[in-house]
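What follows are several structures.
In what follows, chain A forms one complex with chain B and a second complex with chain C.
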Partner chain A sequence: MSAQELLALADDELILGWRNSEWTGIAPFLEEDVAFSSIAQTEIGHARAWYELAAEELGTDADALAFDRQPDEYRSARFVELRLVPDWAATIARHWLYETADAIRISDLKSSDDPRVAGLAEKIDREEIYHRMHADMWADRLRNEPRFAEALETLWPYALGMVDGAQRDRLCEGAGREPVTPIERGEHADELRPLWEEMTMVRRSIPGATW
Partner chain B sequence: MVTAERVWEALAEIPDPEIPAVSLVDLGVVREVEVEQDRVRVSFTPTFLGCPAVEVMQRLMADRIRALGGKPKVEISPEGWSTDRITADGRRKLQESGFAPPTGTAPVTLVQIQSAVHRCPYCGSTDTRLENLFGPTPCRSIRYCEACRQPFEQFKTL
Partner chain C sequence: MIWEVFRQEREGLPFQHGGSLEAPNLVFAEAYAREFYGRRDESFALWIVPREAVDEVREPYVAEVFDRDYRRVDGYSLKVKLKEARERAGTAGAR
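Right after this comes the complex of A and B.
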C-alpha cells in the first residue's frame, strides 16, 4: 500500500474525528455528547495508527503528517470535510454513510498483502463495530424523518467518492441506494481551510516545540 | 540481576491508569517479556487505538524496569488486543470495583448488547439495559440496572 493511500485513509479519519468533536458540549443530549466525543477520540486514534505506517515510508512522524502539511496536501475526501454542526440529521446521515463505506474499505484492507496493514485493519475493524452499531441505531431512529432522507440524498455522491472502484458497487448495495456520479477525492471543500487553521494552530504557534 | 520473572512481577504491580483496580498484567496488555543481560524488551498491545493511556502505560513500564536495573524497550505489538486477554483475576477485580467485565466474545451485535444478558456488578441482576454504547473511556459502555436502580460501566467486548 502506498504512502499516499495510507494518507488518504488517515486524513479521512483525522478530519472526520475533528468534525465529530465539534459536537462535544452541544449535542442534542448528554449521551450524544459522550458518544460523539468518544467516536472522535477513536477515529483520531485510528488516524494516528495509519499516519505512523505512512511515516515509516516517508521518513517522518505521525504528528508532522497530521499537522505540518498545507491544506491542499491533505488527501481527505470532501465528504469528511463538510462542516455539518448544528444539523443533527445531516450529521447522522454522514455518520451512517461513512461507517457503511468505511466497513467496506476496512474489510478489504484486512486481506492486504502487507501484514502491518492487515493487522491494523483487523484491530480497527473490531473497534469500529461500536461506531457502526451507534450509526445503525440512529439511522433506524431517524428513518422516517424527511430531513434525514434529504441529508442522505445530498451526501450520497460525496460518500461514493470516499471509496474506489468495485467498492462503490458494494456501497450502493450496503446503503440501498442507486449509483450516482461520485464527488471524487482531490478538490477540497471550502470548509477545510478554517478547520486546518484551528487544528494546526498550537503546533504552528511554536514550530518544533516538544511537550 | 534482572530476570523475566521479576519483570513480570513488577509489571503486575502497575495499576491501569484509568481503571486502577486492575493491573496492566490483569488487563492482558503485556504480551511478552524478553531479558538479555540488562536489556529488557516488553511487547505490549494497547487496548483501544485511541486510548490516551497508552503513553502513560509505556512510561510506567519503562520506569519499573529501570528501577529493577534493566534497560527497557517497550514496543507496541502488531497483534491486536481483545477483551479475551483480560485474566480471570482481572475480571474478578473489575467486577469487585463496579465495572461489569466483558461478556461473550467479539464480534458483538447490537441485538446482543441490547439484550439483558449483562449482569449488574452491584446486585447481580441481569435486568439491565443499555444506556449508552459509549462511556468515559473508549473501552466502556454505560448500562442501567433496573433491579437496584444503579447505572454501571460495562467493559466493551472487543
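Right after this comes the complex of A and C.
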C-alpha cells in the first residue's frame, strides 16, 4: 500500500475526528456528548496509527504528517471536511454514511498483502464495532425524520467519493441507495482552510518545538 | 428516561451500583453504559435497569424493642482475642 493511500485514510480519520469533536460540550444531551466525543477521539487515534505507517515509508513522523503539511497537500475526501455543526441530523447522516463506507474499506484492508496494514485494520475494526453500533442506533431513531432523509440525500455523492472502484457498489448496497456521480477526492471543501488554521495553530506558533 | 447501571468488576463478584444515565430507550442506554462503564475494560458485565423497575424501601430498619445486643458484633475486638490466642499457642509474632 502506497504512502499516499495511507495518507488518504489517515487524513479522513483525522479530519472527521476533528469535525466530530466540534460537538464536544454542545451535543444534544450529556450522555451523547460523552459518547460522540469519545468516538471523535478514537478516530483521531486511528489517524495516528495510519500516519505512523505512512511516516515509516516517508521518513518522517505522525505529527509532521498530521500538522506540517499545507491544506492542499491533504488527501482527505470532501465528505469529511464539511462543517456540519450545529446540524445534528446532518452530523448523524454523515456519521452513519461514514461508518458504512469505512466498514467496507476496513474489511478490504484486513486482507491486505502488507501484514502491518492488515494487522492495524484488524485492531481498528474492533473499535469500529462500537462506532457502527452507535451510528446504527441513531440512524434507526432518525429514520422517519425529514431533516435526516434530506441530509442523507445531500451527503450521498460525497460519501461515495470516499471509497474507490468496486467498493462503491458495496456502499450502494450497504446504504440502500442508488448510485450517483461521486464527488471525488482531490478538490477540497472551502471549509478545510479554516479547519486547518485551527488544527495547526499551536504547532505553527513555535516551529520545531517538542511537546 | 433514567436507567440505573450496575457493574460487575470481575466474573463471580457481586454487581454493584455504578451510576445512572439518561437515554430514550434500552438500545441507547446500552450504548452509553458501554461507553461509561466498559470503555476502559473496567467491567466484566453490566446490568441496565429502568429506574421505575427498582423498588425502593425507605428506612427498612425494624425497631429493636427487646434487648438483643448479643446479635451485634460492635465492640467485640477480634484483634485482641486473636493476640491472646496466639500467645497461648506460643505463636505470637510468627506471621
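In this section, the second predicted complex is superposed on the first by the 211 of 211 C-alpha atoms of A that agree within 3 Å, B and C clash if a C-alpha of one lies under 4 Å from a C-alpha of the other, contacts with A are read in each partner's own complex, and residues count from 1 in each chain.
Quick note on the criterion: contacts are C-beta pairs under 8 Å (C-beta built on N, C-alpha and C of every residue); 3 or more make two chains touch, one makes a residue touch a chain.
What you see is a predicted model; the values in this text were computed from it and never measured.
K.L.:
Quick check on the superposition: with chain A as the shared anchor, is it clash or fit for chain B versus chain C?
P.N.:
Superposition result for chain B and chain C: clash.
K.L.:
Once the structures are superposed on A, label A:141 by its partner contacts, choosing first (chain B), second (chain C), both or neither.
P.N.:
A:141: touches chain C, not chain B.
K.L.:
Per the contact definition in the header, classify A:48: touching chain B only (first), chain C only (second), both, or neither.
P.N.:
Touch partner of A:48: chain B, not chain C.
K.L.:
In the superposed arrangement, does chain B or chain C reach more residues of chain A?
P.N.:
Touched residues of chain A are more numerous for B.
K.L.:
Is A:127 in contact with chain B, with chain C, with both, or with neither (first, second, both, neither)?
P.N.:
first
K.L.:
In the superposed arrangement, which partner chain does A:38 touch: chain B (first), chain C (second), both, or neither?
P.N.:
both
K.L.:
Identify the partner contact of A:29: answer first if only chain B is touched, second if only chain C is, both if each is, neither if none is.
P.N.:
It touches chain C, and chain B stays clear.
K.L.:
Taking the contacts chain A makes with chain B in one complex and with chain C in the other, which residues are shared?
P.N.:
Touching chain B and chain C on chain A: residues 31, 34-35, 38, 130, 133-134, 137.
K.L.:
Please name which positions on chain B make contact with chain A in the complex.
P.N.:
Those residues of chain B that touch chain A are 48-52, 78-82, 106-110, 113, 131-138, 142, 156, 158.
K.L.:
For chain C, which residues are in contact with chain A within the complex?
P.N.:
Contacts found on chain C: 21-24, 27-28, 31-32, 34-36, 39.
K.L.:
Show me the residue ranges of chain A that touch chain B in the complex, using the header's touch definition.
P.N.:
31, 34-35, 37-39, 41-46, 48-49, 115-116, 119-120, 122-124, 126-127, 129-130, 133-134, 136-137
K.L.:
Mind listing the chain A positions that touch chain C in their complex?
P.N.:
Of all residues in chain A, those touching chain C are 29-32, 34-35, 38, 130, 133-134, 137, 140-141.
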